[in-house]
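In what follows, structures are represented as structure tokens.
You will see chain A twice below: alongside chain B first, and alongside chain C after that.
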Partner chain A sequence: MAGVVRRIFANLPRINTCNYVKTPLLSILPSVTSKFYSNVPTPYEIVDAQEDRKTYQGVIDNVNRQVAEKKQGRLFAVVHVAGKQVKITEGDVFIVEGYWPPDAGDKISLDKVLLVGASDFTLIGRPLVQRGLVRVEATVIEKNVSHTKTHFRKKRRKQYMRINFYRTPRTMVRVNRIEIVGEVNHPPAVTGLETRIF
Partner chain B sequence: MVFTTAVNFVRSRGPDEFWRKRKVFKLAAAYIGRSRNCYSIAIRSVHRALVYATKGRKLKKEDFSNLWDTRITAGCEQHDINYHVFKESLARNNILLNRNTLATLACWEPFTFKALTDIAHKRASEDGITPPKENKVLYIPKRGSQSKN
Partner chain C sequence: MSNSHLFLKSGFIRTPSQNGVGRYVCQLQRVVLKFCKNNGSSRGMRDFIESGLVDFAKNNPGIVVYLKPRRHRTAVISAEYLNGDKQYINCRNFAKEEIIKWLNLLKTQSGNTTGFRYRKLLHTDHPSIQGPWTPYTFKDPAENLAKFPDQDLSRPKHLPKTATEELLELFQRSSLGSPEGKRAE
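Moving on to the complex of A and B:
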């Protein structure tokens, strides 16, 4: 069954930018044939890094060039805020519902970026895009509460009736800027580890 | 006001009849016919409306949830991939976009959604992820098929 499906998928148009290994066991280590241990590389293990790099480097170079020349245009991003994902672009106002500590006037940077898109490319995070690559700046413009919602329950012929009113806090956030500051696939080196004990 | 008994106190409690009824009439202001002016009918329809409003807030969430599924399914069909295979492949790739976001992308960012389906296609073919089997009715009892013992 799996084989059939694989063949079906193989016929479909899709990107072919993978250098994953499908070499059989015997071709790698002919001397070792263990019944219990598999020497086959795990799926998605990159065996030839050079070859792998060749396949995607062109795309990444193009993206980096476009960003360097500032030709990427207006960006949109999917950010994770207060437990929800929001698709935002520059100048947007979005509402965070429920208790959320930032106060009005606070300038915040939204760091959990799941996806960034431009007209020519999309950077998809797994689950987040590389830290420090994208800067999303926002300002909290207003904090207030929603309209009054009535929670009313009633059972017929059972003398049961309850009424409650509630309002949920709401925070309005203006997105000031979304920009790519780093280089794709070139994360900054980790520094400051010399002084750390753990 | 002097109350000689507790019963009288209980009976006379609460706001004046006019104000008590006015609360209900304000909610019934836009109703049609007698349910707008006649208290005994107005209170019934106001109560029913409030119950609907309470239940509706939950239903709205369910409806939107279904709408997202519909939109993602439509987007997936456009790119020849099964919804479940798509979701499973994305999860295995550690792409944790939720259904709300995926539906938004399917609607408004077709190129981004295409990129996601491409990734899913690749992963599905690598891992051999198959669409789940449809529910089949295995046995339909017919009249007289069950033997009497």
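Moving on to the complex of A and C:
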């Protein structure tokens, strides 16, 4: 049994700071096994908030310093576009399928950023990273339709056969720039005004 | 059912001369509208030429527009692109709106991609920035030093509890098993 307990913990994320305390495993396990979902967020609980802040502030300071000195290197981002998530970096081209209003030549900014990363750090949004922290600019370079796709249905012995041909609209987008413009964990006092028109 | 899709040309996203990196360049070079002056099948084309063509040409100074009347022939749009592609669209019995729609499509395309299947909807020159995943990423480095055969590591990851273990647990939870429970009695 002890072996099993250790193996399960090995699969959970490890945090090697002393201000976390492992909650007893038995309190987690029944909820996992008996219900479909669990409200237990994590098997760790914060004992000392002050101590905890000290730990993560150091990490965030490091990230901010790297960004300020422009030493972060190439950034990548996961953005939410037209109902799908794409992992992009500067210079990428991706295709958005289905009807999407932007026209060829339009410059757009992709605002729903779910994640930004460099080689040394990753900023994960819950679900989006803080508004105004990252700027992702892109250009629409092509709008066309896909090749003809066949939608064929047949039921055997039922004299039923349908054949449909369709082409879906596609939009090709070039990513021009990804950059961190704000400060991590330090949002401006008033947000949401960037896109408002008064 | 046709098997034509089996022989579709396929490939990856190609963009002519890094379009959109600095600025966007319209890839449509020349468009020729062919129509008949009398026939009813070119009616929509004639309507478009009367009402919408001048606007189209004004709004798109980079595109050369030719008109070619031909007697008793179907209306056709022929488009030529900067990469040398040529595309014909048969406009028999098309309404004016349909012609506008197809012209807009030709304008925003970068070449003739009909009959071309994209294998990936994403092109990147930098597939991984933090390094690609391997089976050893995020693994406990202590496992490097493990000597095999190792009883702990060879066990299945999630073993269901055996009946004996459950009984033992029940016993331990009951007042008989725990020393506190005994004291409480």
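Here is the rule we go by: the second predicted complex is superposed on the first by the 139 of 198 C-alpha atoms of A that agree within 3 Å, B and C clash if a C-alpha of one lies under 4 Å from a C-alpha of the other, contacts with A are read in each partner's own complex, and residues count from 1 in each chain.
The criterion applied here is as follows: contacts are C-beta pairs under 8 Å (C-beta built on N, C-alpha and C of every residue); 3 or more make two chains touch, one makes a residue touch a chain.
Predicted model, so just to flag it, every value in this text is computed and none were measured.
Visitor: Between chain B and chain C, whom does A:92 touch in the aligned arrangement: first, second, both, or neither?
Guide: Second partner only, chain C.
Visitor: Considering only the touch criterion stated at the top, classify A:191 as touching first (chain B), second (chain C), both, or neither.
Guide: In the superposed model, A:191 contacts neither chain B nor chain C.
Visitor: Check the residue A:74 against both partner chains and state whether it touches chain B (first), chain C (second), both, or neither.
Guide: A:74 contacts chain C only, not chain B.
Visitor: Kindly classify A:117 by the partners it touches after superposition: chain B alone (first), chain C alone (second), both, or neither?
Guide: both
Visitor: Once chain A of both complexes is superposed, is A:153 in touch with chain B (first), chain C (second), both, or neither?
Guide: first
Visitor: Taking the superposition on A as described, I'd like to know which of chain B and chain C A:104 touches: first, second, both or neither.
Guide: A:104 contacts chain C only, not chain B.
Visitor: Looking at A:145 after the superposition, I want to know if it touches chain B, chain C, both of them or none. Which is it: first, second, both, neither?
Guide: After superposing on A, A:145 lies in contact with chain C but is clear of chain B.
Visitor: Comparing chain C with chain B, which touches more residues belonging to chain A?
Guide: When the residues of chain A touched by each partner are counted, C comes out ahead.
Visitor: Contacts for A:127 in the overlay, against chain B (first) and chain C (second): which applies, first, second, both or neither?
Guide: first
Visitor: Common interface residues of chain A with chain B and chain C?
Guide: 1, 3, 6, 10, 76, 87, 117, 122, 149-150, 152, 163
Visitor: List the residues on chain C that touch chain A in their complex, please.
Guide: 1-2, 5, 8, 13, 15, 19-21, 24, 26-27, 105, 107-110, 113-118, 121-126, 129-131, 140, 151-152, 155, 157-159, 161, 165
Visitor: Note which residues of chain B are touching chain A in the complex, please.
Guide: Listed in rising order, the residues are 47, 50-51, 53-54, 57, 80, 93-98, 100-101, 104-105, 108-109, 111-112, 115-116, 118-119, 121-122, 124-130.
Visitor: Inside the complex, what are the residues of chain A that reach chain C?
Guide: Chain A reaches chain C through residues 1, 3-4, 6-8, 10-11, 73-76, 86-89, 91-95, 97, 103-105, 117-119, 122, 139-150, 152, 163, 172, 174, 176.
Visitor: Which stretch or stretches of chain A touch chain B in the complex?
Guide: Chain A residues touching chain B: 1-3, 5-6, 9-10, 12, 14-15, 18, 20, 43-44, 76, 78, 84-85, 87, 114-115, 117, 122, 124-127, 149-154, 161, 163.
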